[in-house]
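I have a structure I would like to understand better, so I am pasting it below and will then ask my questions one at a time.
Chain lettering (A, B, C and D) follows the sequence in which the chains are written, and residue indices restart at 1 in each chain.
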């Protein structure tokens, strides 16, 4: 080992130790700690990133307004790399090491399904902003809540709109083969069957796929007149562009994962006219006062427009804060949990929210359309 | 539909082929499978993004700048993580490349964020119809540039002194050194060359698949598979392996099952390797 | 002193290993201890294949996944007792190991590597797409905790005793295998297959056996994982996990049994430890791996052997090293 | 009946006839040497006998059984041992383990025995080690048991190669240029060792270039040139054979 190498190695070891010690030292005052678990690296990092941003913005506003019971709120964000086992590690760390008062996260349903066992055992309230697997709230775990309108509601809404309003007869479905995409696909296919419409093609693609033309050609060949896609915005942008390249010119439709200002930036004019379900209306023009204020504040804070995940995360934190206020200064976790469960008609940025008996947030679903040149408009419910 | 599927497969396959060229080159010079190959593409793509989109330098000027940047970064990377392992245990080199890949990928994420960036097309992405098939100009360019690079690379490796020295150094370091070849420089040069190839792949695909920190992961893996499929000691094989994988993937999605797309492609690859263990164009072991 | 060390080192290590749940009650630490055991078993299993036999594999997570799904499906869908799952997981994984081992008749080095990589991809897609069996990407919930009599191993602490016991079992298997006629045959194949055949070793048979044993142990690790997390989904068995296992083996030291264990513990804990680096966590992790292989090419196993030799005052014969040092890579 | 017999053994590589129609009969207990110029096909012939190459035509018969299509390891089991021209030791294993590998096909313990460490396995291992120690003593490697093979001197490595081959308990031992690269002292002990091997009742089939050695210990000699047998007989007969002198001895300075 060279001299330089030894020095570097020694320095690294010192840095490890120093940083660890720094992490352990406790602050003077006793703030309320919110743990965030999210994929901050890997393929879903972009979603994890806005999740943290949304919560952080809410916390900033809460602190500016005097905190909760006069106490400051801080957050600790941990990366789970979207791997269930690592998610469990991260939540364990938040719950037992950092002793957080509540957990917000994570993105991927499979990771949430794994890590919610930890908060259940420890008795710590947890809100997942966007994990969409219906099972999460159906396993009898009283400590987990979800803000995202479930896939069931979203997918049904878009299918009904497509069949009833757009008169689509030969729809096709393309979905990413993970829990989010598969979950949405299942509901779409079932709902289409209920409406006596047969999908002409149902195609999957891997979450890291970049070329979907094989699937799209098959869809084109099947004579589809509408395409449901259940995926995130980056892949949706690829699909929109590749569909155009192979001459597949049909109505594109999807779920909440598509709502992101980046979509139009990436897909360009291929994204114009795209329809998707949402509870958060991302365009200041025509948004509710709450949403408009949020979009403003978010843009000011981060220099970018929020996506729906940021909005869900923001609302998650706000509902959590309300519940903590209601639960009294002791912040008894059970009381906080019950207070979250008792949320009724909360006017959040993602709509008017009521938590149902399972812990799901119920509210009206909008169908929004990307306008030519960018921006959104609501097409359903009709105004 | 079949012809169209094949054409689309050739388009993505060219990208795999371009990546595979880098693997083949690295194999020939360093006798290592370089798991950070995909990150060369990422570096290339981000370089052109920074010069062209952020600094607004015209593409013609930004292109060489991006290649030069990648070359310099490539040199630094090999100096940091690859050169110290020359003559060491090969699998350690492999793990070093894995570590380097993790490092570069996450560094890019820290600097540029996890979101993808769009990149304007240079060659045109409006499809042109020929007969009843649609062809996208930029895909044709990618394939053409891929083959041009194969020819250039072959000429370079077999006709120039530097190229021959590179191969000699790869085959037998000690003898090459005795013959007066500066082995370490030669290997560094190959690395830089391989990085440039990766960078070219990266900036060619930037308009098609966007620019993002982990873009190298998926095309890197498939580039690796293509290189092995084609035969690691053949640059022509690398390109052919890439095209074959691309077409197989597309046909699998179009005719068999999109859910099992990668599984079908890899099964066919395994079958080919069982019958031709040295890869399609590789020399017998 | 040295005699004392030689006599009691194993016992002391065992006591220490079993005392972890007594020394700490922090569930976070205990969960990590469980994960470290699981990955140590995986790393050892890979070492038997790559370190001992010289067969390169980049698809080990597939066996891990096969074990995890076998055991969970038996418990969740068939309602079988958990322990049956623990028995079935290695058996099913071993069958797949034999299937994958057969191409080794013709393939070497990285060409074999790419086949194992492909196998990993294929198995992952099977987990994702065979929804009627695996429940696809949504994952299998409700994987039960094992129980011994009336004690349910549903806390990290109690589960740890199972994890560490299986790890100890794996270590014993690895050592016994290594210092036996079979183990020598594996090493001989790694060292020089031509010469091994000349010694009357049926290299095909032993290579397939190495795949089989390695897969069985990885399958067992899978079952251990499934019942700890109590949830199984395909993301846990992607190729990136195979690559992690490979890194653990190399950082620990190819061919070194204690190295495998320490390598797995290190690379399980380091990313957790690095959490305080925030955003730069994985950058530092990547850097750490690069530095490890540059400055400690023999892996941690090399240090351990040296320290052990110093403490026990012997230059013991135990240099089982080499692995894919030559040829394969 | 001859111990080892080949009938019309032939193989060609890309049109070059490396071994062509070679008939050979090695009797039990003799030292039989194959000589010939470089590239005459001697090692190729060994590889055919041991099964590393598949013959294009012809047969290999050992103890009356046709073994032409058996795999190499199977032939070892039947009693054909070999050493290598280019050393192929298990470099990162100890001397003792190298020789123990040689014992492989004479031991029985299997995977289950190894994992359960049955008493039969333990006993077998101990007996095996004892046997191997004797062999190491036989070739003069006492006290080197725990050295790594790669750390031995060249001469010692050559001896280990022979010890390892002896451990397979062969009836016939094929030695491929055992004297190559040895110094005078090692050479003398090698000559002695080959004779002692024969005294143990093992037939020796030798490839060798060192003529003094060949002429002094061989019972019979076969001469190969361009893959064909050009002469066979006792050392004296071969020495006087016109064809041999022309093809081989004449050219050898």
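Keep in mind that, in the parts below, a residue touches a chain if its C-beta (ideal position, glycine included) is under 8 Å from a C-beta of that chain, and two chains touch if they have at least 3 such contacts.
Model, not experiment: these values are computed from the prediction.
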| item | value |
| --- | --- |
| Reaching chain D from chain A through chains that touch each other, fewest steps | 2 |
| Between A-B and B-C, the pair with more C-beta contacts | B-C |
| Centre distance in Å when chain A and chain B are each reduced to the mean of their C-alpha atoms | 34 |
| Centre distance in Å when chain A and chain C are each reduced to the mean of their C-alpha atoms | 34 |
| Euclidean distance of C-alpha centroids - chain C vs chain D, Å | 41 |
| For chain C, residues that touch 2 or more chains besides their own | 128-129, 279, 281-282, 287-288, 294, 325 |
| Shared interface positions of chain B, touching two or more other chains | 106, 259, 261-262 |
| Touching two or more other chains - residue numbers and ranges from chain A | 40-41, 177, 204 |
| Set of all touching chain pairs, with the criterion as stated earlier | A-B, A-C, B-C, C-D |
| Touching residues on chain B, where the partner in the complex is chain A | 1, 4-5, 8-9, 11-12, 106, 109, 113-116, 118, 125, 127, 129, 134, 136, 205, 208-210, 212-214, 217-219, 246, 249-255, 258-259, 261-262 |
| Residue ranges of chain A touching chain C (in the complex, touch as defined) | 1-2, 5-6, 8-9, 12, 16, 19-20, 22-23, 40-41, 77-79, 82-86, 88-90, 92-93, 95-97, 108-111, 113-114, 117-118, 121-122, 133, 135, 139, 177-179, 181-183, 204 |
| Contacting residues of chain A [partner chain B, same complex] | 40-43, 45-46, 48-49, 177, 203-206, 208-215, 217-218, 220-221, 234, 237-238, 241, 244-247, 262, 265-266, 268 |
| Residue ranges of chain C touching chain A (in the complex, touch as defined) | 26-29, 31-32, 35, 128-129, 131, 136-139, 141-142, 155, 225, 229-231, 233-236, 241, 271-279, 281-282, 287-288, 291, 294-296 |
| Residue numbers on chain B that touch chain C, as the complex places them | 31-33, 35, 80-81, 84-85, 88-96, 98-107, 110, 221, 224-225, 228-229, 232, 257, 259-263, 266-267, 269-270, 273-274, 277-279, 285 |
